[in-house]
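This report concerns only the one structure given below.
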Amino acid sequence: MCGIFGIYPNKDAARLTYLGLYALQHRGEESAGIVTYDGKKARMHKGMGLVSDVFDEKSIQSLRGELAVGHVRYSTTGSSTIKNMQPFLVSHKKGNIAIAHNGNLTNTTRLKNMMEERGSIFQSTMDSEIIVHLLAKSDKKDKKQKLTEALSQLEGAYSVVLMLDDVLVGARDPHGFRPLCLGKLDGAYVLSSETCALDIIGAKYIRDIEPGEIVLIHKDSIESIKPFPKKKHAICIFEFIYFARPDSNIFGKNVYLTRKCLGKNMAKECPANCDCVVPIPDSGVYAAVGFSQASQLPFEMGIIRNHYVGRTFIQPSQFIRDFRVKIKLNPIKDVLKDKSVAVIEDSIVRGTTSRARIKAIRESGVKQIHMRVSCPPLRFPCFYGIDFPTKKELIASKHSIEWIRDFIGVDSLKYLSLEGMLNAMLLPKEEFCTACFSGDYPAQVSKKFSKNILEK
Amino acid sequence: MCGIFGIYPNKDAARLTYLGLYALQHRGEESAGIVTYDGKKARMHKGMGLVSDVFDEKSIQSLRGELAVGHVRYSTTGSSTIKNMQPFLVSHKKGNIAIAHNGNLTNTTRLKNMMEERGSIFQSTMDSEIIVHLLAKSDKKDKKQKLTEALSQLEGAYSVVLMLDDVLVGARDPHGFRPLCLGKLDGAYVLSSETCALDIIGAKYIRDIEPGEIVLIHKDSIESIKPFPKKKHAICIFEFIYFARPDSNIFGKNVYLTRKCLGKNMAKECPANCDCVVPIPDSGVYAAVGFSQASQLPFEMGIIRNHYVGRTFIQPSQFIRDFRVKIKLNPIKDVLKDKSVAVIEDSIVRGTTSRARIKAIRESGVKQIHMRVSCPPLRFPCFYGIDFPTKKELIASKHSIEWIRDFIGVDSLKYLSLEGMLNAMLLPKEEFCTACFSGDYPAQVSKKFSKNILEK
Amino acid sequence: MCGIFGIYPNKDAARLTYLGLYALQHRGEESAGIVTYDGKKARMHKGMGLVSDVFDEKSIQSLRGELAVGHVRYSTTGSSTIKNMQPFLVSHKKGNIAIAHNGNLTNTTRLKNMMEERGSIFQSTMDSEIIVHLLAKSDKKDKKQKLTEALSQLEGAYSVVLMLDDVLVGARDPHGFRPLCLGKLDGAYVLSSETCALDIIGAKYIRDIEPGEIVLIHKDSIESIKPFPKKKHAICIFEFIYFARPDSNIFGKNVYLTRKCLGKNMAKECPANCDCVVPIPDSGVYAAVGFSQASQLPFEMGIIRNHYVGRTFIQPSQFIRDFRVKIKLNPIKDVLKDKSVAVIEDSIVRGTTSRARIKAIRESGVKQIHMRVSCPPLRFPCFYGIDFPTKKELIASKHSIEWIRDFIGVDSLKYLSLEGMLNAMLLPKEEFCTACFSGDYPAQVSKKFSKNILEK
Amino acid sequence: MCGIFGIYPNKDAARLTYLGLYALQHRGEESAGIVTYDGKKARMHKGMGLVSDVFDEKSIQSLRGELAVGHVRYSTTGSSTIKNMQPFLVSHKKGNIAIAHNGNLTNTTRLKNMMEERGSIFQSTMDSEIIVHLLAKSDKKDKKQKLTEALSQLEGAYSVVLMLDDVLVGARDPHGFRPLCLGKLDGAYVLSSETCALDIIGAKYIRDIEPGEIVLIHKDSIESIKPFPKKKHAICIFEFIYFARPDSNIFGKNVYLTRKCLGKNMAKECPANCDCVVPIPDSGVYAAVGFSQASQLPFEMGIIRNHYVGRTFIQPSQFIRDFRVKIKLNPIKDVLKDKSVAVIEDSIVRGTTSRARIKAIRESGVKQIHMRVSCPPLRFPCFYGIDFPTKKELIASKHSIEWIRDFIGVDSLKYLSLEGMLNAMLLPKEEFCTACFSGDYPAQVSKKFSKNILEK
């Protein structure tokens, strides 16, 4: 997963982009980068690590120009990550192109083979680079035609912020998998994955970029085209469940209120007979608030999260059981002892983390644990950008809920139903992609591609 | 403020101390250090920054020995901070001495002058170094006598963990200002400022070190002496209000439950006619939970805290108002808009931060803001280790509550009363130092010292 | 200027290449890099700075494989130097290609335009990248044909070491501007700019790669082709004058002996009536030894060079005159005072450095200074890889020797004649490029290219 | 060994000291430091590594004040070297004291024991710290009396530059083991181990500080006292043989001319029947020049030294024999092949390095090697600051010259005689300490001390 941001025209473009990326940091902690354009020259600074590690005053000052494009990248495995940092910038006879991409393309192998056959050389292993090559290869002089020609060859998920010399471009694929919104700060337009990045710079939210829309932001005007055939909308519901920040609006709707509603629906669908409601912090807090209000059970922050957790950490002593959990979460004995508690989780992926957490909670002397999960069982991998494990690693793809309850070690385990989840949404249910729960993939995927992912 | 930790005897002493310090990180982010002793040689590693930055696998492995003493130090101003890192280690003809100190001595000038007159040389500007010099100067061979002779010359606040060659020592001043507890992990004894550090390594809480007590931990035995005349106990109440971790027990009592009780007492003493209760995260969360439960008003996490905030941050654009607040906290418009809310703060020091926060909350379109503060107005500086500003910078020392309400910009402002605060405590009210609220300083302080602090 | 190195097959390929580059460090201090291939995968490590700064044990160990290609790059101006580090590696559908290039191409603009027009994207501003694109674009399956097709399009100077998957390739342009020799270490073949890199790893010198020759080193065989039309040889004479290490053989001949011979010819052509011969260290030492022997005048190391000179150095005080010289060279008063000395320089470029040096020598109280320069006046820029300044910055392009003598401040100034220089060479005079002295450029250069360089 | 420097009063004191230390870098590569005093406050910056690594523009600018003291420290073994960096600064009730010390005290154990007994605490393991403690302990108000009282308790070797608040002090022990000279730059006085540091800043040499002399430099005056009983002078002859820079004057005499004279005496005492004279660079060059001139044999730089050798270097391949030598020195085959050569070394310590060098030279195909060493066999350790190995590691303490010749592998081996060495000196022979050759130690040394060193 990734976060993308752009702004034009503003004299402080790089600095505002820095702040925007900082607000989008939760969408990717692996690397961060900014490209600017000052009318003549494109400048780039990027590096591995958090936004606050990658940039300093000097690098921000060096990024001159009123147009900026920024990117934060999610931590994935693989050694060659340095060359996969974004934005990806190319300075070419025909001009400068920079891309910040969120999403996964599904026809990359075919496109890349075709272009390498003709002698193109790819620097990275990112599908994002293909978009740049398609733009560079296009003979169209008009930027709208060039964008249409290049993007129409893509399949899969993409929300992109592009710099084409002095034009800032925002675009979403026709299914609209990933979010992208438009804001305004004084005379400048802003593009961002989530509204929390508008808030931090004091920009006003205008609207979301629509599925299949391309927006071109010029120095003193803005254009919108929708050159592609319409497709079924397929908004990622997991952005609401887990990924986005609670204080953000995405796809036009607030995440906190949605999550609270998930909690309310859980209280109705799968109530728990217990003394109090305790969230797994931070992600379980918002559904827990809803659950508590709807069930009239007291809300307690009975597990404390340590926010100093860094990226690197020395190996723990062998004597310390469940160390990875303890380093992050500490259940409060005096709160939990002899209580029957409803523990609220946002989702269960492999089940191993939940199991370790429950073990740590048990040590506090709790009487009963009733786990409630604010989405249905995750059974299918995602082809569109969420970094789930393969199908066989998803615990719910192979096991019954009863088996999982046993494995995790709780007294009762209930998932919110697909219906209950969709009802909590503030948008019509037809708008969503729920493939990870249902297996109904909205966009056609080549057999080879899906096989790779399903079996990897 | 500082966090201190010690363990003996355990083969993984340095690694466990690293984890203990990591759990005590909130007590000091400026520097961290560990000293170990392997029966022959003392080893030290310390550095500026967070525990996870200062140590790596290599440095932990180099810290051989079954006895370890650790320290985290609070960020204060001043350029010469490197030489003020702790533990402070001295290798001397008479043996190795290391100290980790939490608290402030009040008779340092006199002691230091006296010793420098005789030719002693001080490396640092820390009062902690004086304790080491007193120990080194003592001619007593018996360690209990040596400790008694040295510590009896001190006035003010100290909880210390010491290494005297192969003896681990824990001690608290007779007033008992700062916390220090004793735990056990397999055959080893553990000393720690708070119990959260026992939890992370799986140690069992035994009891608190008592005011005026010195505990000597030998390889296979433990001794306790109480050589000093009894003094009035003066436990720091601000540890419960703000400083300690909510999942810790200090002075034998749980912090979360105490804070919840503060919130409950507020709901009774100074209720608010409003739609919901919103904490300033994270420190206001626990009193807000209590306030919500006692007042039957819904609890909402209407303000989100960004946990990526690092130590260094590039200068913000001039266009961004209230930047320092926005970088940390984001009020959720869709939650707060047109609502009347009770905002729960733990305390107000200068008032400028609260003011900026309220301004940011106002931008969300909230209808009314009723601020409730979970302690009385802070009117006096602390001589015993809390790094408050001088008297004149404490907003409540010069201004009425009504004036402060105006300054901060809320519709109503109520503080919890001294009585209400003391009633929330799980210990008798006579046990506490409340000097920062009342001006009643429990330990005599030289005029020169207090003048320095009062007017600095 | 650059240094290049390759070895195959040897289990310690990366480590040996590291040592080879270390020996070639004088050919380029800006950046260093190594690419290896293990039969399946290509690995790369490169960085800015000296070989010993760029590599450590860990990076060398990570460079697995029996084939290695290395490069050191000369310090040039320009901000975007990071992306210009070599070797340049491309992993492509058709295979892995890495290049280490020494020399300057003269038809890059035309080739690059042509390829960008067709949609190719260049990462760097190096002409070396063009060679990789030509190889990637070629449809030839046979590596000899592919190399012939690609290299035949190049004009200008290139000695290259290439990795084409599991084949190590060495090639020199038909003029043979830059050196490249072949050595053998046990079963492995070695390619290197100079023999000093063979010496350090204990490899045996076999022969030089010939102008226009391409050598392909396979795991168990070696092939040579000469597919290009013959051209006039044009060996860079400046490699002997200044650039190569004195302990190296280049183009088959020893540098030290050649420089000593330059000194001998100077003693004959332009003797000096003086008390002793003093070199400007280190580069003037070898000609000075020859001058001393031929003239029977005593050799004195009257100027000492400080070898701690680093790359970065803080600004000197304004009080210190001729600081840049003093930081490197210190004339010995007790040796030079009241003496008449012949000072031996290898060459004069701008004249400003020599001027400052002479000023510093004057302060020692020397009686007379007779400067002798071991090559003719430098009057023309180099198009083939030596980083001379533009024509107008070359002092001898605009000024008479008498004017230069005055400017530098010596009692007499004599340059070795073109004839005297060529006579000192151990190779026939027809073999050399002497364009920088004579303006006779051996390879045709486009007007636009030469204009750029001549006027830059 | 160490280098020391001081200047007062000059507005650029820190910057000039930086340059002075840079010129003295050969006297110590382990650490570097500067202390300044601005009339009110003392400032310090020091670090491990070379002068150019430790300081940057920012640190130099932060070192405000017109008085500066600097130090470079020689690389020795031991892990706790960080706390042994100099200058050693103490800020004390009685004032600020900083010390930069070159030499070794011989009565440290007794002094340290005495002071620790009374409660003093030492930070470092340096004998230099003792001098500071003696100064701090002294009750004398007058600085001359204080210095006399403190320094009179010392035995052994010390040249020191001290800062006592606003007084710069230079002193040498009564034997005068280590050098220290006085210079002048405009209105400021300069103290330095060698004159090369005066040259780099353009200061004028005034005279040497005399053995047993203390010089106090005030803002506008200079005082000299000689409060100690006279002792036999014992100038370190090894400074001339090896340690000092050839362009320096030490003890008032030039090093280059002395070394050349050593070479001339060798040519007379132990001539070699050979084709040419080849130095081991750089230290053998100057004696080789003298040998060549006196013997009329041609001087050849037949072995080239690589000056890129850094401090850290990755482990060489096991295939590379004599790697440590090859990385530094490369014999030139075309120069040495079939020649009979006189190889000039400055000294032989353990013999292992010479052996490896000779092995490498043999590979060049040389016919005969006649090694000539410009001092007598080293048979005794140094108690006064030269970091020789223990007696039993000195090859000449246990073995005959014939045995050493065999071990090293040369055709003949001759050392210069004690007489021949002393005759080459430009000072009377009675002035020198020759203990490392003769075993006649000029200053009394406690049995315990010498036993430690002799057997360590």
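Per-chain residue numbering starts at 1, and chain names A, B, C and D are given in the order in which the chains are listed.
Note that a contact is a pair of C-beta atoms (placed from the backbone, for glycine too) under 8 Å apart; a residue touches a chain by one contact, two chains touch by 3 or more.
Quantities reported herein were computed from a predicted structural model and do not represent experimental measurements.
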Most distant chain from chain B, judged by the mean position of its C-alpha atoms: C
Centre-of-Cα separation between chain D and chain C, whole angstrom: 37
Centroid spacing, where centroids are CA-atom means, of chain A and chain D in whole angstrom: 63
For chain B paired with chain D, centre-to-centre distance based on mean C-alpha positions, whole Å: 51
Per-residue overlap in chain A, given as positions that touch at least 2 other chains: none
Touching chain combinations (by label order): A-B, A-C, B-D, C-D
Chain B residues touching chain A - in the complex, by the definition given at the top: 12, 15-16, 18-19, 22-23, 25-26, 50-53, 55-57, 60, 185-186, 196, 199-202, 245-247, 249, 254, 256-257, 282, 285-286, 289, 292-293, 298-301, 304, 306-308, 310, 312-317, 319-321, 326-327, 330-335
Of chain D, residues touching chain B in the complex: 90, 92-94, 112-113, 115-123, 132-133, 136-137
